[in-house]
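For clarity, chains are labelled A, B, C, D and E in written order, and residue numbers in each chain start from 1.
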Amino acid sequence: MRQYIVKRFLQSLLAILGAATVVFFIIRLSGDPARLMLPPEASEEQVAALRESLGFNRPLLVQYLDYLKDMVTGNFGNSLYFKESALQLVLERMPATMDLAVSAILIAVVIGVTAGVVSAYKKNTFIDYLINIWIFITQSLPVFWVGIVFIMIFANQLHLFPTSGNNGLISLVLPALTLAAYPIAPIARTMRSSLMDVLQQSYMITNTAQGFSKRRMVLKRGLKNALLPVVTVISLEFGVMIAGAVVTETIFSWPGVGQLIMQAVSNRDFPLVQASILIISILYILISFITDMVYLWIDPRIKVQ
Amino acid sequence: MSEEKLLEIKDLSVAFRKNQVTTSVFSGLSFDIYQGETVCLVGESGSGKSVTAKAIMRLLPTDLVSYPEGEIRFNGQDLLSHSEREMEQIRGDQIAMVFQDALSALNPVYTIGTQMVDLIRLHAKEKLSRRQALAQAKKLLAQVDIRHADEVVKQYPFQLSGGMRQRVMIAMALSSRPRLLIADEPTTALDVTVQSNILKLIRQLKEQFGMTILFITHDLGVVYEMADRVLVLRQGELVESGTRDEIFTRPRHAYTKQLLNSMPRIYFQEQTELP
Amino acid sequence: GCSTGTSQKGAAQDGSLEITIARAFDVNGLDPGFLTENAQVVDNIFDTLVKRDENEQLVPGLATSWSQVDENTWEFKLRENVKFTNGEPFNAEAVKYSIDRVLNPDNNAPTAGYISTIQEVQVVDDYTVHVITKNPDPLVPTRFNRYPTEIVPPKYTEEVGQEQFAQKPVGTGPYKFVEWNKGSSVVLEVNKDYWNGEPEVKKITFRSIPEASTRVSALLNGEVDLITAVSPEDREKIEGSSNAKLSSVERAGNTVYVGFKTDVEPFNNPKVRQALNYAIDTKSIVDNVLRGAAVQTESLIGPKDFGYAGEFDTYGYDPDKAKQLLSEAGYPNGFSATLDTVNWYIKNTDVAQVIAEQLKAIGVNITVNNVESSVYRTLVPSGKQNSMYVLGWSSTNTLDADAAIYAILHSGESYSTYSNPEVDAKLEEARGTTNEERRKTLYKEIEEIVLQDAPRIFLYQENQYYGVSKKLNWEGRIDGSIPVATMKAADSK
Amino acid sequence: MKKKLVLRGNWKGIISIGLLGIIFAVTIFAPWFAPFDPYQQSLQDILIPPLSHYTSHPGISLLGTDQLGRDVLSRLLYGGQLSLWMSIVSVLFAGITGSAIGIIAGYFGGKVDAVMMRLADIQLSIPSMLLAIVMVAVLGSGLTNIVIVLSITGWVTFARVVRSQVLSLKEMEFVEAAKAMGVPSLIIMWRHILPNIWFTILTQASLQMSRMILLAASLSFLGLGVDVSTPTWGGMINDGKNYISSAWWLSTIPGLVIAFVILTINLFSDWLREKSEG
Amino acid sequence: MEQALLEVSHLSKVYKRKGGPDFSAVKEVSFSLSKGETLGIVGESGSGKTTVAKMVAGMLPLTSGSIVLDGQPVESRRSKNTKQNIQYIFQDPVSSLNPRLKIKDILAEPLKLYFKLSGEALDNRIHKLLDDVGIPKSYQDRYPKELSGGQCQRIGIARALAAEPSIMVCDEPTSALDMTIQSQILELLQELQRSRGISYIFIAHGLEVIYTISNRVLVMKQGEVMETGATTQVFHSPQHAYTQTLIQSIPKIELPYFEY
């Protein structure tokens, strides 16, 4: 086990390096920031001068090697746009993102798993169809729709929650619900499909024969058997939330990493993009490691490596 | 042995439906089991023994199976007209079953201990703590000749040998002291020493608690050792039934005779001289 | 009723006014010399030598008076007894320091271009400076109204360094910096010793709410008191609400046009360009698509700009004439082209689609290509856009024709796809002369030439809308600034 | 009796195939069904609500008009073509490659697994918007590019979910049996593993469909799509973003249409599944 | 002496168990098998019979020991030929059949793999195999779940037979079969042994079966070989105490036997 973790750690370092490399080249392919940093009136000479002073006119490979060197020494440079340590900026935004993503995933898991379980358990009944319809509607209406409608109803009409901003728990409710709306669908559907598989298995029939009520069986037994793909979907959705909550963050003016990355990308703020992708990839790698560990817990037949 | 009928099966028919085609497994099957007796169901492979057992427990997949006619009466109640909720009261508690296929019958992701503890607590008359239930589980495992029960409870089904899994299933079925035990080829994977111990255990429980047993097996030796009465099934038809001695000494139906004849035997000349 | 605590904030009971302003963006730094976005926040922390009153007239700020000494020299007399909020005195040294650090090429100040006509600032005495320009520059006082010339305290700035200064700025302005929560808000509190009297509003929170509809919701909910960039379709909502009102500023935004690459077939033919101008029903676009959120105009110079020469009426909607011109130009059956758009202007993609549809009527087939904003920003200056492209230009910060048209008409400028030696000459002359009458004439002539030459489809100039809580008395300004010091509680009037 | 049985067991199939048929017919032959030209703007009739009369030309707009006075119903019908086509193609690409990668990684485990899953981690950490922007900046916009971006962002889900199932499936005895028999790995994956995860893949695919439609729309807003006036469902939803409170039908109706299509597809896959199990 | 077909020496297996001590399931087991011979393995439940069988069949990696087939040491990565030559019948019939494959596809797999059969030849062969194990042809379109336990077991046997191996490792192949089918299958196996010289490693708890079919017997307990020798010798004069109890525990029908 310890050996496995060490191995995994080394792999992860490679993966982080990979992500860093991909991002390094990809972001540079999309144009350099010199133009974007200057006001529109700036002349081409000014742009060229800035480019030179930032070192973006050097050969890509040289820049890359420099970048690697910096990275090894833990130096991610200053954001071009904010003029602050890029890493610092990302880390500052991380807590807000985590608040949002964690509470959203919790909501989504609770609702999604429940909905999935109920609809598998009550397969082909009115309630199953109802849940399906609801799930697909929430999935097909875009995040901004959900967000804006939530604001209209809960903030403007009912005055229950503030429209936006980050002032403690109360302002977390609407964005978290909005962000949770989407992943409910994949979680619930995966749960349903997987649980239906499990309910077919002969060990479930054994449990029936042993006198477990269907509900008890599903909740206490089948759930764990069915969890494998669901956990995967959850981990994926959680990952997407960390970096991909841009729309929700924008609508609720939630100062998270998603917005920061988008800003950084559209400003071609190379150091900031690199720093955020680095943090994000570390998080992903952590998530996928945890997921793999959860696999081991769920199904003892799965072996490490 | 009382004259009270514990289980009555009257004109039972079972059919599987698949793509609008229905295949009948058997029709018009009838037999009774009296309180406290051991009935052995023997017969050809594929003749419907397991289906009968599952039908009694109402375990056949409801959307694929139909019971065009017949009744299954347990203790006077018609099981076929029971709701699922009512069946839950009966299963495991009143009627317990040992499945033929022990590997797939155990949940792969829980330890033996967890599965046994849950079951024991489910049927316990008074509230049991997990620890108490675990102790009981270990005791049960020991009774079915499992050594190192302490370790086995911590293991997952795939880590056990075929015979061990089968014994776990038996232990689980016996844990609730059911009124009727349906054992579907429970000893197929057991070596003879263990098998004879288990048979002994079952007989003992039967005596102690008046358990009634429906024993499905192909092993005539086991039949001989266990049965009060024997039912012979062939292609969904009850071709013969009678007391053990009747069947073994005066088999009437050709199939029964064939069955007895094809029994492999060890001709021990010196058998009696064994120490 | 409202249950949110924040909604009670507006006018506190004790009469001290605290307001929240919601804008679309967070600031990226608070150093006026190194800003890359608009200066609504820093304007309240710093002062310029020259200010504008509510009629957009230049009035004394930190300078009490200014005059031109010779062709290339301007003299500013400075206000005495002004202190930065950290106690540092304001004086000529501070002025020189503030301008020098922006002009210093090593500092790469992004907006150095705004004052690049300045050669140097000379300290004459403690309260007098001379601004020496490279060439005669009529705009020096105007330039000293823009944020790159806001005055910073030399000692403090040196002490903390450029980076720290952008985090914790100190100025002479009506408000002091309190805190900046990255990505969400900047808080300022009143400067009790402000040289121009203590403002009525005691505390300002600038929040960033990027989503337009959320901004409106927050205003209607009473969470914020002032919002910028109200989108046209939200206007009615605000007007209909009981606790907020709309403040419209006509023609305070970009003048939007469709540019042609005038060296590319078929747009190198002026007849084609004129034809396309005739083919567009701008009025209908403005009335129906924009719902009156802009004003149709063929003038590239806004009415508040110096050099505005009134409106023109050259190209009415006349598809027949357009067709005729096209056949004269040799395209009786029209042609195909791609129109690049970007989401910078009000409903720009919609407008582009209407343009495409209207051009279809004269046989011109347009593909509308919506380009991602940051890509567009690099595409257009490098001339890689398609031969038709949407662009808007404004002079709101300078309010001068030079800023409004030089960059988009002078050949070789990055945003210009037009080249006409006559226009170039006039542009250069207007830039170099301080004679106001001469400049006005020149701009009028330029506009007339350009209108005939039609290097673009002339469309409209956008309006700006603010949503203001009824508790406040404030009207939006054409230069887009939000001088909170001028705000009053509604009942005090 | 018999007929009734056929109906009872297969109503899901009958209804879903019927509806899918209608959906495809109506979108493919949109010109026949659409009441108006989907591109025709009518600046007098901007944002008229459903069931109101046009002023500029005769006729009723059944589902209202959009911000340029175009008929929403007609645009929906035409929009289906591109939206369905784009999402189906990219789900196919993503589904096939993702599932293949997931099966291979799960089945072989070890180094193969490590390499592929770390690749997936890398893929996940690169925002799709960044990819899109790079695409626009480097290759320009276009339909193929949008499908490429969609497929690239979609494969990971399939790969991860499939892998998780394969990890436990490959420990099953029947897989061991096939291995011991010397059945080539490729065939084991194809014949023994794939059929057992087929419904997982199907479930994910139908979930990805709507995601792709919506994502395609946000990509076209970044300039990576088709001509903005070409109707697509996602594009229509985005068009309505600013009008959610004033013209609800603009975003909501296409959203509901997508939901309806996905629901139908799910009904169909449910039916397939029940058939295979029954 | 003629060289043995299969030489197994010092076979050991240690199972790693999560969160527990490693478990030594098989300790230093050696035996050999000649062509056309049947080696019966009996022993306590849990004594490691399945483990040994699976190692011989290449389904479990060896912890230590060696297997020599036809004079060639068997590598841990077996060649296709080796795999064909050693076939395995699972103790647990149901879980060894892919639930999503029809019976005919299950049987077709080895036929296609080893003999490249297709079309009618394939169908015929499948029918023959089904017939051999006593399953009606009509069952070929069923899925494993639609069969009874014994029927599944027979499919497993048919699948192994399909490969026409030279060694079959049978892990309780007839445990779920009634006497008539059992004897039919045993006869089939013996017939194949006579005609093709197949060798069997035959694990069974039913000593009668072992007695009937095997030439030599290996008795296992707790991972170790207790006793080995010719069948009659082991059965009639068991040396080891465990063997003796084993033989004593055979359920006996104490009625006079009749030929009915």
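Just so it is clear, contacts are C-beta pairs under 8 Å (C-beta built on N, C-alpha and C of every residue); 3 or more make two chains touch, one makes a residue touch a chain.
These numbers were taken from a predicted model, which means no experiment stands behind them.
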Joint neighbours of chain D and chain B, given as chain labels: A, E
Which chain has its Cα centroid closest to the overall Cα centroid? A
With centres defined by CA atoms only, which chain is the most remote from chain E? C
Using C-alpha centres only, name the chain that sits farthest from chain B. C
In whole angstrom, the CA-centroid distance of chain C from chain E equals 87
Length of the line joining the C-alpha centres of chain C and chain D, rounded to whole Å: 43
Whole-Å distance, C-alpha centre of chain A to that of chain C, is 37
Find every residue in chain D that makes contact with two or more other chains and list them. 133, 137, 171, 173, 244-245
Multi-partner residues of chain B (each touching 2 or more other chains): 18, 101, 103-104, 158
If a residue has to touch 2 or more other chains to count, which residues of chain C qualify? 213, 372, 374-375, 378
Touching chain A in the complex, chain D uses residues 109-110, 113-114, 117-122, 124-131, 133-134, 137-138, 156-157, 160-161, 163-165, 167-168, 171, 199-200, 203-204, 206-207, 210-211, 213-214, 217, 234, 237-238, 241, 244-245, 251-252, 255-256, 258-259, 262-263, 266, 273, 277
Chain B to chain A touching residues, read off their complex: 57, 59, 84-85, 88-93, 96-97, 99, 101, 104-110, 118-119, 122-123, 156, 158, 169, 172-173, 176
Residue numbers on chain D that touch chain C, as the complex places them: 39-41, 43-44, 46, 67-69, 132-133, 136-137, 141, 220-225, 227-229, 242-246
What does chain E use to touch chain B in their complex? 15, 17, 19-20, 42-50, 91-95, 146-151, 154, 171-172, 175-184, 186, 205-209, 211-212, 235-236, 244-255, 257-260
Which residues, counting only chain D, touch chain E once they are in their complex? 172-183, 191-192, 195-196, 198, 276
